[in-house]
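I am attaching a structure below and will ask some questions about it afterwards.
Chain nomenclature is as follows: A, B and C, assigned in order of appearance, with residue numbering initiated at 1 for each chain independently.
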Amino acid sequence: MAEPGDDDAPGLFEAPPLSEQERMVEAILFASADPVSVADLNARMPHGCDAAQALELLARRYEGRGVALRRVGAAWAFRTASDLGFLMQRDVTETRKLSRAAIETLAIVAYHQPVTRAEIEEIRGVSVSRGTVDQLLELEWIGFGRRRNTPGRPVTYVVPQGFLDHFGLSSAKDLPGLKDLRAAGLLENRPPPDAGDDDDEAQDDMFGGEDDGEDGR
Amino acid sequence: MAEPGDDDAPGLFEAPPLSEQERMVEAILFASADPVSVADLNARMPHGCDAAQALELLARRYEGRGVALRRVGAAWAFRTASDLGFLMQRDVTETRKLSRAAIETLAIVAYHQPVTRAEIEEIRGVSVSRGTVDQLLELEWIGFGRRRNTPGRPVTYVVPQGFLDHFGLSSAKDLPGLKDLRAAGLLENRPPPDAGDDDDEAQDDMFGGEDDGEDGR
Amino acid sequence: MDDAGVEAEADVARRRAAEALIVDVDGFEGPLDLLLTLGRTQKVDLRQISILALAEQYLAFVEQAKALRIELAADYLVMAAWLAYLKSRLLLPPDPTEDGPSGEELAAHLAFQLERLQAMREAAARLMARDRLGRDVFARGVPEPVERVRHIRYNATLIDLMRAYARIRTKDEFRPFVMDRERVMTLEEALERLRPMVGFAGTWTDLMSYLPVDWATDPAMRRSATAAQFAASLELAKAGRIEIRQAETFAPVQIRRRDG
């Protein structure tokens, strides 16, 4: 300050043009780890610069851009435009297979809809956890059907559009029958004792039995 | 793949206008200290965006500004304009001074890549210490390339993105004087004249050094 | 100044120069580096360098180092030997009986090596003089971290669904790859039966007396049970639970609990 030759000598060292000053402010704010105050900017820029004025120009230049010049207390900083915050997230998608319990439950709902939870358990031979049902509901691969007109009026489950979409079916009737499964080699064990019977019928007998079309769907 | 509704449905979700895409690229690159590849940009931007095209617009917009859009290999980054480095003196991080051996090794890798350790030693006429290679690897100024398909399948060294970024190069092809050096035949790995077997061996001894780092490491 | 004085002075200067080199020997990065330095003192384009003169300079350097009892690394001496050889090939008329490259070819390769090393040094200097990140050019000071949002996508195909359904629908009769074994006693079954029973066999007992009653009548079942039971007894003997004996061929096999 008090050093000789450090005094303002107007005209001796011209301050850089304002457009240059704007570039300087831009570079400093870009590279700085913390917001920079106007005083700091002036201290870092060549003698005679007017950071405040350069900041104004710069703020206008960044209006509507992907980054914005923001005032943070008494200092300034670049920040991501607020509407673009979503770009700062990276979605990582993991594909997982459904658990065996879930896929079996789903299969039963698909082939036997509408079906109650008790019926699912009876067919699977084991109890069905709430988590499994919730997961399938959340995936929109099963949905709620009408309540059954039996004591306790249990809810039934059906397969909604989301299921059909995912599995590429136009309707639940397009699900392959047991015959098709066998033809596809999915049932490669010996035929059941009563082979020769219509499998599809057997299927209906076996599982569709008690509640036989009662909701008149 | 075959799932409906999962496929690209052109026209269903319009890509944002190019000016918006430009803002997005600007925001992403501003937020990152490291270069971001075009593939990464596309992955982070909404479906249907064309980062390459947006980058072109953006580069033009930042021409002559205080920060510049720079290509670094297959990636892009904002960097302060090189004429404004003097403003950032206080942000300079002191880097360890590299030894002469390290600097020469780095240049040889850059200009001769992919290059094996034995070749570096042949060019420098002395063995290359492990510390030198380790230091350069740690700085990410050299990296591993493919193994050479010669006996012993030695590893090769190449210069990665970190090197390009540090030295402000868009690609290794932009290395200063590369063309002249190549034209002068100075980037050739010319084998010593086919001497009698004795000479060959002498040559190997001379430059391979006792710790003969070549091949079977 | 008389002639002798001038000569002495020149001699001193020469010696000083030589000593400067030698004192510096640690500063050289090997023989090639030294050769390059010596070559530069010829003050000509490296492409026009006289390899012969260079070889002589190098050999003189090594001689002086020896005279001053400076220990040179082995590779300096190997290079000296090679250069002495090169020198002889450059000076002597080519020997038609000798194979291998001519002195000129060897010299040309050395010149190439020197030129290449020089070129790499210049390239290195140019590289280091570039605008460098963190010194002349700066990256964003406040990078914003990218937050990772994890999505789990469940996948199931129609085949998965059909398989699952097939599995349930045929659970009762679906025993893949299992042969019908109604009339076969497995080793496991026999072991299972025998294990608790042998605990009571304090005295030698006929193995056949352990045969389950319902397996003893049907010949096929009896055969299977006998075999399984015999195999099981061998297993138990191996485990140290029982002892086995047979008096003669085809005599009854007897077992006994083994104590301790």
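Keep in mind that, in the parts below, contacts are C-beta pairs under 8 Å (C-beta built on N, C-alpha and C of every residue); 3 or more make two chains touch, one makes a residue touch a chain.
Keep in mind it's a predicted model, so treat the numbers as computed, not measured.
Asker: Which one of the chains is farthest from chain C, going by Cα centres?
Answerer: Chain centre farthest from chain C's centre: A.
Asker: Which chain lies at the heart of the structure, taking centres as C-alpha averages?
Answerer: Central by C-alpha mean position: chain B.
Asker: Determine the centre-to-centre distance between chain A and chain B, using the mean Cα coordinates as centres, and give it in whole Å.
Answerer: 35
Asker: Where the CA atoms of chain A average out and where those of chain C average out, how many Å apart are those spots?
Answerer: Chain A and chain C have C-alpha centres separated by 43 Å.
Asker: Cα centroid separation between chain B and chain C, in whole Å?
Answerer: 26
Asker: So which bits of chain C are touching at least two other chains?
Answerer: In chain C, 138-141, 144, 146 touch at least two other chains.
Asker: For chain B, what residues touch not just one other chain but two or more?
Answerer: 30-31, 44, 78, 80-81, 88, 91
Asker: Spell out the part of chain A that touches chain B in their complex, as residue ranges.
Answerer: So the residues of chain A in touch with chain B come to 22-28, 30-33, 44-45, 64-67, 78, 80-81, 84, 87-88, 90, 165-166, 168.
Asker: Please output the residues of chain A touching chain C within their complex, sorted ascending.
Answerer: Result: residues 27, 30-34, 77-78, 80, 88-98, 100, 103-104, 106-108, 110-111, 123-125, 135, 139, 141, 166-169, 175-176, 178, 180-181, 184, 186-190, 192-193, 203 of chain A touch chain C.
Asker: Quick check on the complex: what are the chain C residues that touch chain A?
Answerer: 138-142, 144-171, 173-176
Asker: Give every residue of chain C touching chain B within the complex, in rising order.
Answerer: 29-33, 74-75, 78-79, 82, 99-101, 105-106, 108-109, 112-113, 115-117, 119-124, 126-128, 130-141, 143-144, 146
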